[in-house]
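Going by the order they are written in, the chains are A, B, C and D; count residues from 1 in each one.
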Amino acid sequence: MSKVLALSEAVERFVPNGVGLLTVGGMHLHNNPMALIREVIRQDRKIKRLLTSPCGALNADLLIAAGMIDEIATSYVGFEHIGLAPCFRRAVEGGTVKVLECDEAYITHGLYAGAGGLPFIALPKGIEFTDIPKVNRENYSFTTDPFTGNQVPVGAPLKPDVALLHAYEADTHGNAVVAGGHFVDRYMALASKTVLLQVEKVVSTEEISKHPQGTTIPGFLVHAVVEVPGGCYPTASHGAYQFDDQEIVRYMNAAKDESGAKEYVREFVKDTTEIEYLDNVAGRLSQLRYGDGSLPVALSDRKR
Amino acid sequence: MSKVLALSEAVERFVPNGVGLLTVGGMHLHNNPMALIREVIRQDRKIKRLLTSPCGALNADLLIAAGMIDEIATSYVGFEHIGLAPCFRRAVEGGTVKVLECDEAYITHGLYAGAGGLPFIALPKGIEFTDIPKVNRENYSFTTDPFTGNQVPVGAPLKPDVALLHAYEADTHGNAVVAGGHFVDRYMALASKTVLLQVEKVVSTEEISKHPQGTTIPGFLVHAVVEVPGGCYPTASHGAYQFDDQEIVRYMNAAKDESGAKEYVREFVKDTTEIEYLDNVAGRLSQLRYGDGSLPVALSDRKR
Amino acid sequence: MTTSSNENSRPFSRNELMAVELANRLRNDDVTVMGTASAIPQVACRLAQLTHAPDLYSIAGGTCSVNPHLGPVVPSCCDYDLLRADTSLSLNDVVLLEGRADVLTVFFAGGLQIDAYGNCNLVSVGDYAHPALRGPGTVGLPFLSRVGRVLIYTQSHNPRTFVEKVDFLSGPGFLRGPADWKAADLPGGGPQLVITPLCTMGFDPDSLRMRLETVHPGVEVEQVRAATGFELIIPDSVPVTPEPTAEQLSIIRTLDTNGLLKGK
Amino acid sequence: MTTSSNENSRPFSRNELMAVELANRLRNDDVTVMGTASAIPQVACRLAQLTHAPDLYSIAGGTCSVNPHLGPVVPSCCDYDLLRADTSLSLNDVVLLEGRADVLTVFFAGGLQIDAYGNCNLVSVGDYAHPALRGPGTVGLPFLSRVGRVLIYTQSHNPRTFVEKVDFLSGPGFLRGPADWKAADLPGGGPQLVITPLCTMGFDPDSLRMRLETVHPGVEVEQVRAATGFELIIPDSVPVTPEPTAEQLSIIRTLDTNGLLKGK
């Protein structure tokens, strides 16, 4: 039974409006599942709480720009070397989006706990000397280490209702190959109740099974596969194309104030179908594609 | 600086006599680091406590046959479809080796905790309804889940002093590629203070770096690399050769009583150098090699 | 094991019958996991995939390959050959999912001892401190408490294996019965099925004790009763287990080119 | 940032000087980790590998490749190009090792605010509930408490960055000083070095407060004092930071074919 769906149908069926905890894959400006995120905005599926990878970027900021989220659990939202994320910054400074302050170790260990049905996860020494647990008592707490008697910091398990993830390719069952960096996307898939996957291309199971150990996400965790070549744009898709720093800067400039942000979302998301959007950026995308010669990981290797 | 050492020197330098917690890689009759284990026996390096993967096999039973260990933390020692492990069975029934009864989930999560400096690991619901935590209060305990107020089972972190592991190949720095099943060997490497690696062959860093994501164990965790082609025999080396069920049966028959076990150890380990031993079994090994045509994972794929 | 005199004349082995019985209980939306020495459930899952359950996923614990293609069937759950498969996970991933309790729907279990409530024991027989028989250890059996359906299979149907109460509980079944089971509020669905060389058993929904369902061709009910070390619930009428179809046997033999299941 | 008038006439940029200063503090047995926007420490590590520290390991947090070959240097820590490397880990593996506290010896840190005791803040400036400036978030900075040596670098040396006490402590330095630091008994060695476009600073072993070590060529001690928002310990004699050697510059430029470090 094929799980390949049109972008609109995948979001309609699997992202309920008001979803409790939704997580978005990718890290910094890489492998952000932008096509899925744009469709969530088009369909106005509000998100109660967003969870990012240890470094969220446009995947979080665009959702904030569109007024989609109430709360964000994150250890970082920004555009790395390019600058701060304008809507995240404004929303937090203005108190319109609540932050559940996390750190990278908690996000990865918390997803491990969520994936494994662990009631909570004990954390390595150190976090209790920061201000983070003081401002986020929902995700951090303390308990007794019964082996030593010490009070130690612990984190709550992270169990997203829905994960929006990008992979390089998948078969119709959702068995997916991630090229390049894996970030915490696999743990998001393992920990989430529902997984939507956007891919550069759908391939045969025969092709996938030539490299059984290259598959990062097993199909039984995946609910929908959406084929959207270019769908990470303007972020990078490892193995396919680099991020577009010019478009990121354009977004940052446009989103300097709230009305500019709303206008950007209207023009490039709400008033544009995904196909139109990707048609319009096809020229930029072709310039950003990794050339065969310059591939750091050859195509024959990316399946590892 | 090359970490490649002769088998004898690697054990001399890095396995102290009376080592507190030593762990052996591989699972069932696959990827057991037998050359390292035979050398530990030859050098009479006693082990206070042995930790196996979720399924120990000859890697544990031969050490027991040779009288090397006082205690064993394990969830299984046996020869899978072939039968029970004779020396483990006899030693536990006779009370000469103490068992720290573990389950598979605790061993993997406990190594995760050890690798990550977590003070302990909360376990998923279920283990508390078995008799296992009742008979092993050193590794299992209970504490309060501060997010729910429930008492929940927890496990102590597993932090081996020394890990003996097998990999298909490594460079002189110890960057290692594991072919086929990974079992929990990587977590053993991440959690152990000292890692000794036996490999089928040493390759160049240039070769390794052609497939950076195929490397399972990073060199900075590895203290010694020993090149012993055939060194897993009579267990399997994934990517190289199948296990020898005939030799396992011969061992099981020989080790039916304690004097037979001691005699086997004397003949095939103590009175034989590793080179002599592998010379003697070269004929069998050549029959057990995976033929090119029958390779389930082609040589070009094993580096994934 | 007691076998009937005309056993060898049948066109299928007991192992093949057990694999088919298991396969018949699998569903198209199942995600199954199996452990040590799992040739029979491996064949059952592949058979189901190739017949009524094409979308079923099966995970070979050990290598943790997903949907191994088999052909040949291999005796070890960690075999390199199992990596001829659709995809593959890491052992740690599988252990994680075994904790999630809402993804994996079937586990194939067994034991040195299996008791009237489907509790399993792979650890030791007799007093734990001074065991009469030390088994290999529990491996992942505590997972039984968290999986959708536990399907138990064993090649030993005798009073030493089937006991009123396991000497050491390492794989939770219905614990000590309904009150205990309800109080435990475990995420799993508990044991559903026990398949042996003699018969197929289920569990009585009220008492949660083992109940005979069918006897295999050539086996008498009395034989089963005598081979069981506790009071088995035996309905008035006990049908005979359906025989494997020609198609099922043909598929099994295409997979099992080494004849691992032919033996018995 | 204050720059001296003859800055542009020097044969190296401030970024190149900072990379060399960092490289000079790295040892052959180091295992280093770096995070977000880490072009400067990436170059520092590769430079060290190609000169005095061939056995050093460097981990690019993000992709988690080990010993990226660079050429070109890339601005993002998650770049696909970083996978042109010796080997690679998963992010989860690196997070685990950051907890072990006995494997990773160097972390390159920074902050919106860095205080007199080397505590870092990447989260927010002003009242946390109503921040004057919301930063991106702390990422992995709590790891500072567990790593052998923290090497801090920043491209902003001004009184807003260098403050007496961070408004939000997200990366532990020496906390509130010797008593606090001793009581905490953290596994890490604490901050060792702070490199800015103006100078290199260390920490006074008694007070654990920041202390000027060297001023970069063309920078006056008074400039540093004025650019620092707390009372910096300034020794009687402050040498000038050694200039990069021709060999060091040549290596950097072979790696940095995109000229990322050339800017400033």
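One rule holds for everything that comes next: a contact is a pair of C-beta atoms (placed from the backbone, for glycine too) under 8 Å apart; a residue touches a chain by one contact, two chains touch by 3 or more.
Keep in mind the model is a prediction, meaning the values are calculated, not measured.
> Show which chains lie in contact with chain A and also with chain D.
Per touch definition, common to chain A and chain D: B.
> Comparing B-D against B-C, which pair counts more contacting C-beta pairs?
B-C
> Counting in whole Å, what is the centre-to-centre distance of chain B and chain C, each centre being its mean C-alpha position?
That gives a centre separation of 28 Å.
> Averaging over Cα atoms per chain, report the distance between chain A and chain C in Å.
40
> Approximately how many whole Å separate the CA-defined centres of chain A and chain B?
Once rounded, the distance between the two centres reads 37 Å.
> Can you tell me which residues of chain A touch two or more of the remaining chains?
Residues 109, 112, 116-118, 123-125, 212-213, 297 of chain A each touch two or more of the other chains.
> If I count partner chains per residue in chain D, which residues reach a count of at least 2?
83-84, 95, 99-101, 146, 187
> Given which chains touch which, is the overall layout a line, a ring, a star, complete, or other?
Shape of the chain contacts: other, as it matches none of the listed patterns.
> Let me know each pair of chains that touch one another.
Touch list across chains, by label: A-B, A-C, A-D, B-C, B-D.
> So in the complex, the part of chain D that touches chain A is made up of which residues?
36-37, 39, 62-64, 75-84, 90-92, 95, 98-101, 122-124, 128, 130-146, 168-172, 175, 184, 186-188
> Write out the stretch or stretches of chain A touching chain D in their complex.
Against chain D, chain A makes touches at 27-30, 54-55, 74-78, 80-81, 84-85, 88-89, 92-93, 95, 99, 101-105, 108-109, 112, 123-127, 129-132, 135, 179-184, 187, 236, 238-239, 242-243, 290, 296-297.
> Touching chain B in the complex: which residues of chain A?
Interface residues on the chain A side: 109, 112-113, 116-125, 141-148, 150, 152, 154, 156, 210-214, 297, 300-301, 303-304.
> Spell out the residues on chain B that touch chain D in their complex, using ranges where they run on.
Contact set of chain B toward chain D: 1, 112, 115-118, 173, 175, 186, 190-191, 193, 205, 208-209, 212-213, 215, 218-221.
> Quick one: which bits of chain D touch chain B in the complex? Just the residue numbers, please.
Chain D residues touching chain B: 31, 55, 57, 65-66, 69, 83-89, 93, 95-97, 99-103, 146, 187.
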